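In the two complexes below, chain A is the common chain; its partner is chain B in one and chain C in the other.
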Partner chain A sequence: MAAPKAGSAARAQWMARAGGLGRLVLGLAIAALVWEGSVLLFGIRPHYLPKLSTILQAIATTPKPYVDGFLRTLAETLIGFVAGGAFGIAMGIVFFRVRALREMVFPIFIVSQTIPVIAFGALVVLWFGNTLLAKAVIAFYLTFFPVAVNTLLGLESVDRQQVALMRSFGASRWQLLARLQFPTALPHIFVALRLASSLSLVGAIVGEWFGDTTGLGVLLLQAMYNENVVSIWATLLVSALLGTGFYAVVAAAERRLVFWGAEQ
Partner chain B sequence: MRAISKTFGGTTALSGLELSVAPGEFVTVVGPSGCGKSTLFNIVAGLEEPDAGGILRFEGQSCHAAELLGRVSFMPQRDLLLPWRNVVDNAILALEVEGAPRKEARARALRMLPEFGLAGFETQYPHQLSGGMRQRVALMRTFLFERDLMLLDEPFGALDALTRAMMQRWLLDVWQKYRRTILFITHDVDEAIFLGDRVLVMTARPGAVKLEQAIDLPRPRRPDVVTSPEFIRLKRTLLETIEEESMKSFRSAEAPKVSQ
Partner chain C sequence: MTPGTSSSLAVQRGLLGGLILILAWEGLARGLALPSYVLPAVSEIIWSIWTSRSLLAEAATYTLAEAVIGYVLGCLIGIGLAVFITMIPVTRMVLLPLATAVNSVPVVAYSPLILLWFGMGIASKIVMVAMAVSFTVFLSTLAGLDRVDRRSVDLMRSFGAGRVGILWRLRLPTALPLMLSGMRVATVRSVIVAIVTEMLGAYGGIGWVIFQAVLKIDFVQVWSAIFVASAASLLFFGLVGLAERKILFWK
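Right, the complex of A and B next:
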């Protein structure tokens, strides 16, 4: 039996990741070139698609609204995501443990999710006003349900023989949950969290449309009313950056925590 | 532990089964598939209650199956290692459930690693190990959970023949060193004779003990014991009994189709 070569394996993994990052940057650069080139080449009117360089210039000359909007929307998204994630996981566990509660409350959850987010948003603004909290609540509303469903699904996917083994060790219900059921559910939970990371951003931006002074949603709305095409595109790019960055962070956390992959 | 005997009624897996295992003894159980071996084990592990009227005695006292939870170290067919735990942390799972401090438990497991052929692999994760090694981790988990009775349910069933023979010899070494009481399920007659002090042959469903055969082959047993005349004689007796039972269960499985 050969001794494990952890060092070289880790290096190979690092190299693979660095190579992947290099290709990603290359891909982005090509996309940017195609954008810039085709606008020039086909003479697309700036009303439909401005040049990428014009958009980046617009951000560079007046960065403040974009930076402020980015931070504000990020805060709303994060609060909604964390609260929704935590609540979703907690509800998943409660539904798993208390069947009666699941039968009582779960249908209400489903009904709540059939309400269009716009209708719900109007109500939230009535309750919380034009506060940061209101947007976070909308982000929360879009987030908690998929997390709760997948947590429940993950907890129920636990191997019955594994449960039997733990019980034969004399494990209590709490030990079963902490040592077996919750870790087994983690991969499922992360699938939902990745989905929730984009949903919470949607929630925050939609929330801002109901009225506010800062935020990416506000910028979008203002640009639309002023027919400022460059500003629309600039805000779009910043939103994409926020969404992608957030998703990447969640995915990275998943890789770290669920390192064993989809084994079993 | 002195005696376990239990009786069941009805059409369930076991009926009127009686067996006892003496301290330090290595008892193997063979039987046709579907004879309720696993049901028997689940009862002894405390996972299932026998029907009313069954008598269960553990260490001279009668008890309920549920009271056996946490008192018998149980190893199921599959290794059931937790993929997020490395070798050491998988091995100490039962100790942790018992409430032993992690540090102490880890130190104990580390000392045991070489004997289980796992030295140097303590920080590996299950998906990095071969089938034989995973099985040894599972066995180590069972050994670390020090109980008077060890229940092994076809622990080598999924291994290839060579690894399996190696694991059998190794298990005998470890058993001789620790002198645990072992109840071992298998469907492999060679394995049952090679390992056991006594072989129990179960009847077709509903399961009961059909034959109890003492194995007085000298210990320590060497691999070539399987070709000795004594071994062959024992094997013939056992195979005949099993054959008879297999035919029975085969016929009873066929019967409903015939009547259609």
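Right, the complex of A and C next:
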């Protein structure tokens, strides 16, 4: 009788998911109505907050810059995020293994994070030119630090007795890492990865301010120079879509991989 | 090994790491005779900071003023909002989703809009910093206020304590560690956001100096502004961290 049970469990899960989706759609619809309604009701000037319908219309009439900007910024964000995440995890493991190196390099990492991203961006754009790579490097720079810190924290939270037990069974250092320490650190790592998903988007957008032709940051800047508030809001909406979507994907990956319970 | 000697060893190693970095940097830049747009030597940067000290000091004061005013405002708004939501739980259903929606866009992306609204002067930077700081402080304060043990609340209630009494004597002291750590994290953010906003349009400040230097392709100047900005952030961070340790004397 296992099969029907599993079927009903899957169905319950599907129902829960559909319910969650329904609530999301409902919430968005309410938010849209409140936005539209309050602009009309309180007579907010379009200089501050245009009607939602005006903004959506602006996107619908000329979707190309928004779609192109979305894709371009997404590419920069993703490359920076993946590189920063991988480097951060690797540095966390290295720092965990080699204490002396951690004490030598970690303070430098901390100081590096006080450098204003935009100043660093100026240098990166100079080094790599106005390329996709330059923006990805800026996103990388914002991403790697929280991931490295949390990887280290997670690896250090491993129970000593469990390590001793696995050692007594003859586990090698590599096995210890792969089977015990890394899985224990995973919830911590994902907390940092969720944070990094938003930070990498910041890096990509700010990086585009140094001059480029496509991207959400470029659209923001152009709209500012043209004092086009509708276009700024439209770009903000598209950025929100990108940011929340990316965050949701990382959170979904977390639920998949850390199935035994995510840390909040 | 006592904790004391191990932490002094850590400090020594930290200093050693910094020293190696500076020497390697200086050696690379001098030895390979790298052009300054690739990497100027550290000594060159420090010399440039010294020669343009009045300009940089003025810019740093300008930026720090924006950051500190915005920071204080942001902390007040963040803490006030968190307390408000805890005191009147009905508002949580409206305000929390609203705050999350606003935060789903990276803060810096709002700066073109804020610049259009508040102009190129100091006001737009203060608003941007306050926005960035208030959200961080709001979330950490709210997490702290929510951490209170249900039973302690019930106990105080049974002694006749009102909402305000519970807030002042129980919730706020419990929330303090998380709230203060949020405030410490927000310091570095406040300086960075001020500088980022200055670059898009300003009449002064570190961000403005960096932007001018980029236009003039004066990369030694960019680096000296970076050094000064970094030092200013660390100073601010250190002061707030010190205040935190004074307030949380029981930790």
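Note that the second predicted complex is superposed on the first by the 251 of 264 C-alpha atoms of A that agree within 3 Å, B and C clash if a C-alpha of one lies under 4 Å from a C-alpha of the other, contacts with A are read in each partner's own complex, and residues count from 1 in each chain.
Just so it is clear, a contact is a pair of C-beta atoms (placed from the backbone, for glycine too) under 8 Å apart; a residue touches a chain by one contact, two chains touch by 3 or more.
For clarity, every value in this text was computed on a predicted model and none was experimentally measured.
K.L.:
Touch test for A:D159: chain B only (first), chain C only (second), both, or neither?
P.N.:
Once the two structures are laid over each other on A, A:D159 reaches chain B alone.
K.L.:
Considering only touches as defined above, state whether A:F169 meets chain B (first), chain C (second), both or neither.
P.N.:
Touch partner of A:F169: chain B, not chain C.
K.L.:
For the three-chain arrangement built by superposition, which of chain B and chain C touches the greater number of chain A residues?
P.N.:
C
K.L.:
Go through the superposed model and pick first if A:W260 touches only chain B, second if only chain C, both, or neither.
P.N.:
First partner only, chain B.
K.L.:
Kindly classify A:G43 by the partners it touches after superposition: chain B alone (first), chain C alone (second), both, or neither?
P.N.:
neither
K.L.:
Is A:Q113 touching the first partner chain B, the second partner chain C, both, or neither of them?
P.N.:
In the superposed model, A:Q113 contacts chain C only, not chain B.
K.L.:
Contact-wise, after the overlay, does A:L180 reach chain B, chain C, both or neither (first, second, both, neither)?
P.N.:
First partner only.
K.L.:
Shared contact residues on chain A, chain B side and chain C side combined as an intersection?
P.N.:
After superposing on chain A, no chain A residue contacts both chain B and chain C.
K.L.:
Can you list the residues on chain C that touch chain A in the complex?
P.N.:
Per the touch definition, chain C meets chain A at residues 9-10, 13-14, 16-18, 20-21, 37-38, 97, 101, 104-110, 112-113, 115-117, 188, 191-192, 195-196, 199-200, 206-207, 210, 214, 219, 222-223, 225-226, 229-230, 233-234, 237.
K.L.:
Inside the complex, what are the residues of chain A that reach chain B?
P.N.:
Chain A residues touching chain B: 1, 3-4, 6, 159, 161-162, 164-171, 175, 179-180, 183, 186, 258-261, 263-264.
K.L.:
Spell out the part of chain B that touches chain A in their complex, as residue ranges.
P.N.:
Spelled out, the residues of chain B in touch with chain A are 42, 45-47, 69-74, 76, 78, 80, 82-84, 93-94, 96-98, 117, 120-121, 123-128, 145.
K.L.:
Help me check something: in the complex, which residues belonging to chain A touch chain C?
P.N.:
Interface residues on the chain A side: 27, 31, 47-48, 100, 103-108, 111, 113-120, 122-123, 126-127, 198, 201-202, 205-206, 209, 216-217, 220-221, 223-224, 227, 229, 232-233, 235-236, 239-240, 243-244, 247.
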